[in-house]
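Naming follows writing order (A, B, C and D), and every chain is counted from residue 1.
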Amino acid sequence: MQTANKPGTIVDVQGQQDERQVAIDKVGVKDVTYPMILRTRDGKTQTTTAKINMYVALPHHQKGTHMSRFLEVLNDHQSEPLTPDRIPEVTKAIRDRLNAETAHFEASFTYFMCKKAPVTEMAGLMDYEVTFECERNGSDETSSFIIGVAAPATSLCPCSKEISEYGAHNQRCRISARVKFDGMLWVEDLIEILESAASSPVYAVLKRPDEKYVTEAAYDNPKFVEDIIRDLALSLDGDDRITWYEIDSENFESIHSHNAYAQITRDKSES
Amino acid sequence: MQTANKPGTIVDVQGQQDERQVAIDKVGVKDVTYPMILRTRDGKTQTTTAKINMYVALPHHQKGTHMSRFLEVLNDHQSEPLTPDRIPEVTKAIRDRLNAETAHFEASFTYFMCKKAPVTEMAGLMDYEVTFECERNGSDETSSFIIGVAAPATSLCPCSKEISEYGAHNQRCRISARVKFDGMLWVEDLIEILESAASSPVYAVLKRPDEKYVTEAAYDNPKFVEDIIRDLALSLDGDDRITWYEIDSENFESIHSHNAYAQITRDKSES
Amino acid sequence: MQTANKPGTIVDVQGQQDERQVAIDKVGVKDVTYPMILRTRDGKTQTTTAKINMYVALPHHQKGTHMSRFLEVLNDHQSEPLTPDRIPEVTKAIRDRLNAETAHFEASFTYFMCKKAPVTEMAGLMDYEVTFECERNGSDETSSFIIGVAAPATSLCPCSKEISEYGAHNQRCRISARVKFDGMLWVEDLIEILESAASSPVYAVLKRPDEKYVTEAAYDNPKFVEDIIRDLALSLDGDDRITWYEIDSENFESIHSHNAYAQITRDKSES
Amino acid sequence: MQTANKPGTIVDVQGQQDERQVAIDKVGVKDVTYPMILRTRDGKTQTTTAKINMYVALPHHQKGTHMSRFLEVLNDHQSEPLTPDRIPEVTKAIRDRLNAETAHFEASFTYFMCKKAPVTEMAGLMDYEVTFECERNGSDETSSFIIGVAAPATSLCPCSKEISEYGAHNQRCRISARVKFDGMLWVEDLIEILESAASSPVYAVLKRPDEKYVTEAAYDNPKFVEDIIRDLALSLDGDDRITWYEIDSENFESIHSHNAYAQITRDKSES
């Protein structure tokens, strides 16, 4: 390398030419922990801690990206806090600041919803794992946006119920969806769609009358992992806002040490 | 079981007598996800998402604890948000509501500190893992309280530096401390003590002049994992607020796939 | 540092004197992945992959330990494979090679047991998490040895069963024990003790008649997390080989997103 | 449900018709822990513990798959141990036993390679994460097969080296590749390709002369995450056996608490 390291002039190694003729699909920073402020469906706000990944596509001729600029873009926006509706703008800022064709932004965080127990209506906070993904291409002034949600729920086995004199094995499951959509879709909307596909939702607080209700409701609504994923697919098929989805359910079987799993991906524009 | 399940009277199974003569050290709820609000040393507040464990000691004669009451205690305090200074009070409320001799409360969460790069002074948010643990015994009206902090840092190997013509292997390490203390101890104080034991702190944003500074500073301050843990021990020995500590450092060696590790526990009242 | 870095003489940095007067409780290598061969109770052998930690206590006057020697001790024994009965000898070799007062050895690995379904007797492999811990003190020619086992199982809620017209929520739980013992204790013995404390064991393969059996057996044997831990304590109290135990159970509640947890530690020599 | 639960006739709930008209892409069992035996390039064998996922595509008209049959297929092969060359056959057996169009099999496990230190040639076991994925379609009598390998390595920052008077930050990185290929490709071949893309490989055991060598070698071979991924792409482009690859590198930056990341996917048949 011919560049000298003189005081006052610090070499820009990343900005040099690259001769290898290999473009990079995604390069950037991963697992940046950062606060976010979310607007909730009932008009309030919620502060959470996100894990953020930010990537750009790097053309073949450029040696390196400037990793610190990703962080600078995040920090630029500290005066105005990072909110989901500003993610497309941040993604655009990354693309522009890094002189890239394409920029990707991903944030994963815990989202709280206040949920009332089904009988006593005692309120408690339920937590969900939520992901926002945004991609912006050079010539395109629109962004593609994906919302992902994972919700815990109860599944009760139809086979176990059918063949047993009494009881039925049931377990916690984790239902998740990543969706593309038109118009307005609240995280809360998606959580409700996910939970309605299970044998029963789960709750933060349940008093005895609630526990009785939930136990019986799950027994009255037995579902294989196949049933959960199909009923979820039907709900998303019937929701005109949803244009694409990738859904799965993982059931942490109470009678095995392995899990039952089902997955469907569907692009509604192709059918 | 002779109890009948009549409509209108739901049996209190947990409240029944137990004949097994086995007391339980800790019983309760684990991995409750819950928001917390923290006061920072510079007079601001910070909202974070905590994983909370709440346990009581159960006397031998009682069949079960009432798990939902732990959640009720948390929710009672929703009008006033859960803040660290209210943890002793919440721990006492758990003990009282569960009729227990002893109650334990543990919360783990991400804590942010704004840190300036060493040369350009560009600001960025650093994230730390923090734990608060509180225990309250029956007759005792005081609580024992432990603050735990884990901080990422840089370690640079003195042996590698000494024996090599140029360069020295270095790596990210994770330094952590759990401490008991008298008086006022900010999380920020403990973070600063941890970071000063490493070859160099790490930063959220570093521009080129900062990267040069940090690279040279680490090279000028080589430390084995043994040096880090000893220098940390000396700092805590010299801080009169600290009465007990358990410290460790784990170095994610850049030349191996395993880690170097060191640990010291010390009760200062015993020396 | 006055040491010169001349060709042919590579300085022993770790062997130098340390002036800080701080002894280190444990220093060594963590998360070394290594194969192990286990003898099983039915007279066969089993090869597994272990995560190994090896530590020594470092006296205050010695600057550093020689990390590579831990690995050399492991590799010395490659001609004879690493088996559990050789762990005390390996621990002693670590203590001797590192000139330490005390040496610790910990290995965690998956252990398989062939288990037959309860009705069809179809065989399947169940996997368990097992830990061996050994400590050797300088003057003492015996080792302390701890076996740890974690087993998945089913728990069915007595309250849910009692108060509901039909059904009962149940879930996978994880029961674990660390024990000190006299004489011979097979991992398989401990697994059987753990599993018998649950509402039902779990299985690798269950055909429909087995699933019916397991569903009904769990319903006939409802247990709170408190019952599991107490019944496990009673079993270990009644086993004369066991001299000390630390046990816990974590139930992944199917009706909540948090877990129920109970824990007991007991030194039988103290009662 | 009209099916009666008579003694002697246990209803096949899964075998019933489904009216929802929703086909499922993948349904099956996840996280089955199971032993595997691997042939190594040097003609030996190695026993390891795998996490296995097995899925089939379920046609829209069938209510459920028979989860226990996946486990039965694994156990059928207990007389002959599960080896990688038998994975296509096992995948076919899953497809046939489950009456499915398509079957997927995935196994992830630790793989050991004996590696000699670069100067002293002291031998030590290095561990790598390896994945085998196989898919079999109905009409097609061939299988698609993917080998995945992740290897730890050292990366040393070219910018830090260039701009600093002395030293350069370096860190452990994790380089991984999933590849499709023609002919014979050993896991060991792929590991060597991955490691040669880094600033230096990492080792299990390094004595002082080795540590000096590795430190200087990394300093002489600085690489951004972009350089690692590009050099790896060039190696795979130049290897005629490889027909498709997905590669990434994640660098656990020693000066930050976040990671640097780069990723490339390429289908060589398309260029």
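Some observations on this one:
In this text, a residue touches a chain if its C-beta (ideal position, glycine included) is under 8 Å from a C-beta of that chain, and two chains touch if they have at least 3 such contacts.
Because the structure is a prediction, the values reported are computed rather than measured.
Farthest chain from chain A, judged by C-alpha centroids: C.
Of all residue numbers used where chain A meets chain C, over half belong to both copies. The two sides are thus made of the same residues. Chain A and chain B have Cα centroids separated by 27 Å. Averaging C-alpha coordinates per chain places the centre of chain B 35 Å away from that of chain D. Chain B and chain C have Cα centroids separated by 24 Å.
Among the residues of chain B, those in touch with two or more other chains are 10, 32-33, 127, 159, 163-165, 204, 206, 208, 212, 257-258.
Residues of chain B touching chain C in their complex: 1, 3, 5, 10-11, 13-14, 18, 20, 22-33, 53, 55, 58, 63-65, 67, 158-159, 162-165, 224-227, 229-231, 233-234, 250, 257-265. Within the complex formed with chain B, the residues of chain D that make contact are 126-127, 152, 154, 156-157, 159-160, 163-172, 200, 202-204, 206, 208, 211-212, 214-216, 218-219, 252-258.
Listing the residues of chain D that touch chain C in their complex gives 10, 12, 32-35, 46-49, 68, 71-72, 75, 109-110, 112, 122-125, 127, 204-209, 212.
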